[in-house]
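You will see two complexes here that share chain A, one where it goes with chain B and one where it goes with chain C.
On to the complex of A and B.
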């Protein structure tokens, strides 16, 4: 298993660099002038050219890319053109917030979504199933920014249960995270509930479940010990996918609640053509998604032992003929 | 296993973060406390000492000459002082760092006597050398401030408190320009020591680049404490401020990209003031007894339509006049500013020195517009592109104009481009909306940089010798009556040639908690936070 993990991590490296190349190419060839953003629209021609030279924008595309990668390999992600601060410092500031948002949102999604999905499956076509279907439909149809604002209006302004703004420094208290986590989670929960429900329904109808019941196992044991574990694989895939995406920043949630994480940083960097900051953010996001996918694959092996053989090279038995 | 994982994640919420920051605590304290235990970390027996101001715009720079966006203006007004300041109520220039000044008879030499009790935030005493160095460096480098040092040649110090500024020609707005918010005086020794070899003495340094990332050090009522890129700026009261220490010990300016969320924060009391509150929220704020809406509609923050004669359709003045006749400016003003702004009839702000009443404006007359189009050879109209940015400031008026021009047969395609500014600078557009704040409200600043031949902001790329001549005369004429006559003639050219159509202006808006006193909406967005107090 360890060999598998190391192999996957090594494969991740060229993947991340491949992504960085594509993104760098897009940034280089799409319209938009980073120098104009830096110097303002009143810059004169001489200064404009001097700035282009300073940023290396007159160099060929491949030269610029390789210079950038050379920096990355020596630990230098460059300086933000917009903020004039090291890209690493900007990422260090925003990553903890994004990580917290992702962890809380996914955690809340699991805490609420899994039980609802299980109950919907076990009590298929009951009032609970219908209610959860309706609720998930409403949640998935609701625009995130609207939901966020409505939660702020109700719980921060009217009821004053939670703060309306995020502190300018630090990570705030748990109360600062409740509304953003609920907002972020809402869009993902519907798919988790529906996926859990459908995989549980599939598993519950299996022969071994019938056997377990026949052997006298309680319904709770049948569902939680036998059925759930077998229904978990697609759920784990979904959780991993959502977590990875959230590491790219939940921009709408971040903007509404003023939690300026990687998403906000990345979008502003793209708007201002701040190439070093975009590249640094993308490298981070791509790496996160790759690592999360690896963790999901490893988790598969723990959930379903039958899959472990895929991750382990079989040992040759002595004397076995080839 | 997943349930266990989820439970661990949820339980970990309890260990999140630390205590409240002073800013949030103070803000919730002022508003009645959003949650238990979050009251007034910064509140003293005499009242609030910490203030949180939200702003719905970005802040590009906290250095003079670094940029000219409104966020930069607001911050500069807290960190720096200028030689003079403008009283926008009386229209008079008043002393600030300079306690008095004289102008030579030929109006080429300005002598300023500086106050002797001014210190920079790091303790350095302000001397004439700082002023001289600041002015000379700005003039040498390509900063925004240079554009306001018209005909400036050099400055020299005489002793520690006398500054003599020499001009090569008479500039009517010389003193007015020195009151510009971005004319804050720098500490020479501090800047050179911090920048070292990075200080560009070649004269090629540009606006945002000039000072690198060193912390500001001015003489203003507040001193820099901390900056979180793209999020907030924290500043502390200057204990030794020569006009008296501000009421608030600490002020945090918080950038809030979502205006709706910002309004909720203001209503919840978590921010004490909201700069650039959306005009669409005026009614909601005025109906809230805990909030006050401050507005100043007499701003030099102008919005106009540019008509580029490089487009073949716009080469005929009759077509341009037809467009002017087709526009309903009231409708544009309401759509663009939610009714808070005023319709404009002149390219010169009414509050500007040298303002002259413009000729009678084009009143909407669709039949006349169609007749002019027919005379110009377009009886069935034509198609034309109008570029815009994604910002509502540009998009809203563009879409209204599109609908209005359709009524006379001109099919406008509104194209949103990321390259709007570079396209406009390269004159690569046909129709386009522009908005700029004329921070030094003087007729010269409203016209010369935008319409004189080959000026870098002459976006419509016009070259009218008669207009150039009038603008040259206007900037050198100090007699107000004669200036008005000159600009009156200039406006006739604007009216006849129609290379730009003034539309409306944006009001300066700030919404605040009712307990925040002495708040005034400065027409140039230079909020005087040092004058604000808190009274419950």
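On to the complex of A and C.
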């Protein structure tokens, strides 16, 4: 297993470099002038030329790319062209917020979505199942920003339970995170509930569940011990996928609540053609998604022993007494 | 306590879906002695598995329902037993071996734990070490090395899996074992091994067994008595001798035996029974086999034929006994 993990981490390196190359190429060859962005339209030709030289824009594309990668390999992500601050500092400012948001919303999603999905499946077609189906349908079809605004209106402005704005610096208190986390996980939870329900329904009809019942196990034991673990694989996939996506920033939620996270950073950087900042954010997001995918695969193997045997050299088969 | 272990009286089971009501078992009566092996034979859809599931009250919830009749285990009425009572019976007094060993074991739980579970659920002694020891014993009984108890089901072959399933079934030494086509999914050589082992074990533990199968060869090897089911009814029941060597048979039984290839006879074709089983969504007032029967009389269609009993042999057909006299 360890060998497999190391192998996967090594494969991650060329992937991240590949992504960085493609993104760098896109940023270099698409129309638009970053220097104009920085200096403004009224800049004179001399200052313009000096800035181009300073940013290395006069070098050929490949030279620029290799210079950038050389920097990355020595731990230097460069300076943001717009803010004139180190990219690493910008990332250090935004990543904790994004991470917090991802952990909170995925955690909340699991905490609420899993039980609701299980109950829906075990009590199929009951009032609870129908209620949850309807509620999840509403949640999926609701635009995120609208839900965020409504929550702000009700719980921040009317009831004043939670603050309406997010502090520019620092992480805020737990109160600042409640509404963003709820908004962010709403539609994810809906898909989690549906997935959990459908896989649980499938598992609960399988023969080994009947075996468990024939053993005299209680319904609770049948569901929690025998069914749940078998139904968990698609759930893990979904959680991994969502977590990976969230590391790229939950842009809508960040915008509605004014949280300065990775998504916000990345979009602003792209808009202003701030190459080092875009590249830094992309490297972070790509690495995160790669690592999360690896974690999902490792979890798979942990949950399902049939998958485990793909990674582990099988131990010597002991003789079957037949 | 009587010698009778299981008594089923006029059992009716119905499956209800949105599309139709299916009458799966229609007035089945059956009794079994302690330690006896009864073969339950019939074609697909005859209601064999439904009967077994009814005994355990494990019919698919909401869909399957016992509408009438009684099932008594050692004099205790099961149809009226509560769910907790049934849970105490399942696995301990009555256990069931399902048809397909490939799917009846939980793929994510070690086989040792799957066997231990049934012990944990039913034995008073919850000491882990004692249970472990018992698991080792049971594994030895079914011929699996105890080193393998921490393996997962996918690491076993089909025959070995069925041994694990049997080990789970016998772990608590039940009084009644319901074996639903335990060897159908296995190849012939493994079939013989598994059957031989089951026979030995049931003798050792003095367990009664209902062996559900459509393989008459298996029945001849293992059973004391045979019941032949057709469209949710038992149409003929008797000691193994009555069925395999007796003179009189229900026309369906004759057809069933006619469908087996015979090495000693020179024939080009098998002789299948013409026609199909009657539509299970319709209630049949008379003999369910009437439409396919070459001896069918008018009264066969009107009312259920009476039982014709000679010693241990019962045939539900108008060609014999009272029915025959009435016709003459």
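By our rule, the second predicted complex is superposed on the first by the 312 of 322 C-alpha atoms of A that agree within 3 Å, B and C clash if a C-alpha of one lies under 4 Å from a C-alpha of the other, contacts with A are read in each partner's own complex, and residues count from 1 in each chain.
Convention: a residue touches a chain if its C-beta (ideal position, glycine included) is under 8 Å from a C-beta of that chain, and two chains touch if they have at least 3 such contacts.
Worth saying up front: this structure is predicted, and the values here are computed from it rather than measured.
Partners chain B and chain C fit side by side in the overlay (superposition on chain A).
Applying the stated contact rule after C-alpha superposition, one finds that A:258 touches chain B and leaves chain C untouched. In the superposed model, the vertex angle chain B-chain A-chain C (Cα centres) comes to 150 degrees (nearest 10). Between chain B and chain C, the partner in contact with more residues of chain A is B. In the superposed model, A:176 lies in contact with chain B only, and not with chain C. In the superposed pair of complexes, A:230 makes contact with chain C only, with no contact to chain B. In the superposition on chain A, A:220 makes contact with neither chain B nor chain C. Of the two partner chains, chain B is the only one that A:93 touches; chain C does not reach it. Legend: residue contacts after superposition of the two complexes on their common chain; A:303 is shown touching both chain B and chain C. Look at A:210: by the touch rule set out above, it reaches chain C but stays clear of chain B. Of all Cα pairs spanning chain B and chain C in the superposition, the closest are 14 Å apart. Annotation: chain A residues 303 touch chain B in one complex and chain C in the other. Against chain B, the residues of chain A that register as touching in their complex are 30-33, 36, 38-44, 46-47, 50-51, 80, 83-85, 90, 93, 100, 103-104, 106-108, 110-111, 114, 145, 148-149, 152-153, 156-157, 160-165, 167-177, 232, 235-236, 239, 255-258, 260, 264-265, 268, 271, 299, 302-303.
Within the complex, the chain A residues that touch chain C are 206-208, 210-218, 225-226, 229-230, 303-306, 309, 318-322. Contact residues on chain B toward chain A in their complex (touch as defined above): 1-3, 5-7, 9-10, 12-14, 16-21, 23-24, 27-28, 32-35, 38, 67-68, 142, 144, 147, 204-209, 212-213, 226, 228-232, 234, 252, 254, 256-258, 260-261, 264-265, 267-268, 270-271, 417-419, 421-422, 424-425, 456-457. Chain C meets chain A in the complex at residues 56, 58, 86-92, 95-96, 98, 100, 103-109, 117-118, 121-122, 143-145, 147-148, 152, 154-157, 159-160, 165, 168, 193.
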